[in-house]
Amino acid sequence: MKQYEYMAKEHLSRQGIKIPPGRVADTPEEARNAVAEIGPAALKAQVLVGGRGKAGGIKFASTPDEAARVAESILGMDLKGFRVDRLYVEGKLDIDQELYVSVTTDRNAKAPLVMASAQGGMEIEELADEFIVRRHVNPRVGVMPYFGKEIAEALGLTASLGREFADLLGRLYQLYRNLDAELVEINPLAVVGGHLVAADARLNVDDSALYRHPDLDTVEEGSALEQKVRALGLAYVELEGDIAVMANGAGMAMATLDAIQYYGGKPANFLDAGGGASVGPTASALGVLVDMHPKAIFINIFGGITRCDDVAQAILQVRQRQGIPVPLVVRLVGTHEKEGVALLQSDGIAAFSEMSAAAQRVVELAGEGR
Amino acid sequence: MKQYEYMAKEHLSRQGIKIPPGRVADTPEEARNAVAEIGPAALKAQVLVGGRGKAGGIKFASTPDEAARVAESILGMDLKGFRVDRLYVEGKLDIDQELYVSVTTDRNAKAPLVMASAQGGMEIEELADEFIVRRHVNPRVGVMPYFGKEIAEALGLTASLGREFADLLGRLYQLYRNLDAELVEINPLAVVGGHLVAADARLNVDDSALYRHPDLDTVEEGSALEQKVRALGLAYVELEGDIAVMANGAGMAMATLDAIQYYGGKPANFLDAGGGASVGPTASALGVLVDMHPKAIFINIFGGITRCDDVAQAILQVRQRQGIPVPLVVRLVGTHEKEGVALLQSDGIAAFSEMSAAAQRVVELAGEGR
Amino acid sequence: MAILLRGEDRIIVQGITGNQGRFHTRQMLDYGAQVVGGTSPGKAGQTVEGIPVFNTVRQAVQATAATASIVFAPAPFAKDAAFEALENGIRLLVLIPEHIAVQDSIDIVARAQDLGAVVIGPNTFGLITPGQRTKMGIMPNHIYRPGKIGVVARSGTLSYEIAFSLSNAGLGQSTVVGMGGDPVVGQTFISVLKAFHDDPETEGVVMVGEIGGSAEEEAAEYIQTLHIPVVAYLAGRSAPPGKRMGHAGAIIERGRGTLESKERALSAAGVRVVTMPWEVAPAMQDLLGP
Amino acid sequence: MAILLRGEDRIIVQGITGNQGRFHTRQMLDYGAQVVGGTSPGKAGQTVEGIPVFNTVRQAVQATAATASIVFAPAPFAKDAAFEALENGIRLLVLIPEHIAVQDSIDIVARAQDLGAVVIGPNTFGLITPGQRTKMGIMPNHIYRPGKIGVVARSGTLSYEIAFSLSNAGLGQSTVVGMGGDPVVGQTFISVLKAFHDDPETEGVVMVGEIGGSAEEEAAEYIQTLHIPVVAYLAGRSAPPGKRMGHAGAIIERGRGTLESKERALSAAGVRVVTMPWEVAPAMQDLLGP
């Protein structure tokens, strides 16, 4: 779960990392008051996209009146598909140098990774490799002062700034660990009057660890429909096409989308019904697909833990309850395959056993394909 | 540094371990008020000795008036050489079972050690080995719930009490780590209505780590003189005899006491002047010895880091400043030995080079020995 | 032979009295696995499917001499269960739960490395060695056949699909290993490929990967040093960048971990890369020759 | 030969620009030790006694290929210094500071074990190998002579006393090791005795122990398996129970760690136990024979 900049900064500050003075503003009036209080400031759109600045999501105001005008212009605007509902009004900094620092998890190394650069301000992907210092953290050891000093040394910081950087990196790592962060990033990490200040911040928290952080502000991502399906406990992503898809297992669901595309079709969604889902949840998930009004529906099941007859039951339930007014292709093999196929047949549905044939057929029925 | 029971309990409570209701009382009136507030209670002398109960340092009171009377009788009493200045008035518990649990450091294993017993209430040394469960904590892992459950299992606790014990042990270990404890002990750990309550507690904090705990209540141990010498940064212990001793290095100082005793003398103190102490501190230490009015003084120096001429200078300073009115024996070898011996000779003091001869001589001069 | 799991391995089930634990204990026993005990706090003395239940792993290991464990604990308790197993001498640990906090997985994997233990998962279907009638996992029993093809996969159902198609094509499996779908898991493609390479009975390996991360790219470098036919199928060809696809593993961000980069690296390393699951078995038949 | 420290060891000094670091760098160089570098944050480019100073151990190791380090940091910073050394490849680490928090020492010692590194101290005078003209420590240079007696001690000055008396009696030393006076230190009597036992040049060992703890008792069990003459002197015969005597190590509490129990155990193991420091050299001469 991503956190807005102002939330991320609040966490940094609680961890003892210096941030500029700032206020949240949801209206031009609040922006005016904020600037009246803290002086010349940057008004920053609180949206979960990178490159806000270039897209016009960050503007400056020297006076309260200017702040209100600028806020008026940013609030409500569309920033790369996200509506701006909130601003963070932050005191302007007199920056000598911009650094970059982040802690994230390196899946391959199975360890935390610190990245730092003396060329901050840019997105890290846009930085050439030679400007980035990468050091894995040994999780048995954590980030001790010497480790931060080694990185500071590699960045070419002075001894006193190096000590401050080492202290900050220790705190940043503590935040990463204590808050179960996937990523905590300060960019730019500004050098202001010989001291380090977090001028912008990103914080993504591990969804699997949210149960440990009940006090964390909840930030919903995705469309209303995505949020609704996820609330059922299912992994769901909206896509551009018209063939609705349900499969069991994330890898299987991805392979199913690939197969549709392979035959020239366009999938409407990714839906992992999970391994071993029972009749009820499977029916709910299918109901959502029907409500999407796709051109066709493809159900691709390899029954392992999932029982084919449970899936067949779910299909029949949805047919009875709300009807399935679009072509439906079902591929059903594995555990209790016979019973499932028989059930579907009793309702006039012919199940495929080959994934390739089934994918080809649903693309045809949707009127797409080569 | 040891903490009084009431301090230890405060720490346990902050760590989420259940303690009985309690109040500190320095006067009979405060004891009366405490019992008025919390009901029938135990009045416990706050002194740093074991076996308070047997020595009459713990008594019960059912009413406020009784509390005042009992407090009157305990306050000011001498408990194994310690004056009772403070009581801890603690709500009486209806105890079903008494357990024992502690976390301490095992020097040989270089790791924390958990000891637990289903036979709590007694001093751990009085418990037979077969009643004590001993398990080292791997410092790389710490105390996780499974570890506590394994110990609970060995103690024969029920599943629900076992879970509570495992939770408590995790907290106790956190306290041990976070507070740099040498020992944290709950004895008895009372089972009250199916739950665990810390009925008595001990907490000793590592002196070397006190700088990390500036908020910790300071508890002074030892005589006024011991405290005064320790304030000079020197290791000092008062003993029973009449031969004052100064040596450099703890092992050397101990060996010096042994040598005095070997020749039939009785050392008055242990004083480690430290390795490499300069003239000033060495003179201060010697000054303290003179003030003790011993029968004789023995200075035993093997100059490694410590320079023999610095020691000689210190001796001359003290002689000039305050005089040394008792027999003085100096043994001086090692770094700058020649210079040191010459300096002493210039002031009429003959230095020994053999420790045995010197020890024998000082015992003679003190009029002791075989 | 086979890799990691053999018929003689003595297995315990942590969380044996839960629904999942109970069901899969039955399935493992039916397959022929030597399940010798299970744990569930406060349930010592009971039996599940004839298998004795203990309160702690310590007791279970003492009583059964088990060296392998499969964990069915809920995610918040998985770290404790994993450490309980590792600290009590378990050296093959299968972690079924999904949604284990990543920091917990990091700690588990690091500790297992220190102790020389093998962790499969978390968020895995487990592993199965058909030729020795043993498995630790939740995969369906009937789709595997004994044979000489090693399979290593990130994803469960997709690996079933491919194992089943191999079986149907007469290509039995030496061992099928589920690495797990979580961001941090105990194995890498490299560690499993190495084990297959060292196994004289494995004659070809199927890699089932997916978008996200760079495990496949790193494996490619290693494969160049191997002398064993490898077929790779990677899911996620159609996935748009920046979208999470169920598996935390399956996310493409910032232009890394794309299907193209993975396929390019694997092809360059001599791997036969196929684009659809049903192409795996024919490709392997082709590589192995008549 | 010798144990733990040899002439070819390349040594850095952490905290080389402080008073202590500077003084003992000079002493070590005078003795013949290969001090190749030192560290002090922000002082890179300077030299101390002709030795180059680096900001970090990482840089020092890269530039000098050092594998040994002696630490002079103040106690609160010793853990960081120790980990800096260990994580950067140092495999012989001498920790001079006293009063390091015990929890820090526990962490340092555990990490060194994991990495296969040798920690001497904390609160040690270090170690010296006279026959190879090398030392890492703060002991006076002039009291040692090359020879065949190994010395292992908890306490500094007392060990000087005994080493000097050995030298004066014509009994030179192979290596003299200071285990350190803190409650938790890197070595045990057993680990050092084992090293002496495995060293073909060491023909006898002197143990200098003291009251408190049970390291001597545990060593006694081990010594029974050795075939090497051992003389032990233990300080603290006159110490009253329950009093701390400077060394955190020297405390007798609750009837354990008494001098009597130590001497009994050592004598039973065949160790020649003497009661005064000046009896050590004659006893060793007696054991070794003419």
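A, B, C and D label the chains in the order they appear, each numbered from 1.
FYI, a contact is a pair of C-beta atoms (placed from the backbone, for glycine too) under 8 Å apart; a residue touches a chain by one contact, two chains touch by 3 or more.
Predicted model, so just to flag it, every value in this text is computed and none were measured.
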In the contact graph of chains, the distance from chain C to chain D in steps is 2
Whole-angstrom distance, CA centroid of chain A to CA centroid of chain B, is 56
Averaging C-alpha coordinates per chain, one finds the centres of chain A and chain C separated by a number of Å equal to 27
In chain C, the residues touching two or more other chains are 114
Residue ranges of chain B touching at least 2 other chains are 138, 140
Among line, ring, star, complete and other, the chain contact graph is ring
Each pair of chains that touches is included here, namely A-C, A-D, B-C, B-D
Note: in the complex, chain A contacts chain C through residues 105, 107-108, 110-112, 125, 138-140, 177, 180, 182, 206-209, 211-212, 235, 237, 239-240, 247-255, 257-262, 267, 270, 272, 275, 302-306, 333-335, 354-356
As the complex stands, chain C meets chain A at residues 75-76, 99-107, 109-110, 114, 125, 138-140, 143, 153-161, 164, 181-185, 188, 208, 210-211, 213-215, 218, 235-240, 243-250, 254-255, 275-278
Residue positions on chain C within touch of chain B in the complex are 41-42, 55-59, 79-81, 83-84, 87, 111, 114
The chain A residues in contact with chain D across the complex are 138, 140-141, 144-147, 149-150, 153, 158-160, 162-163
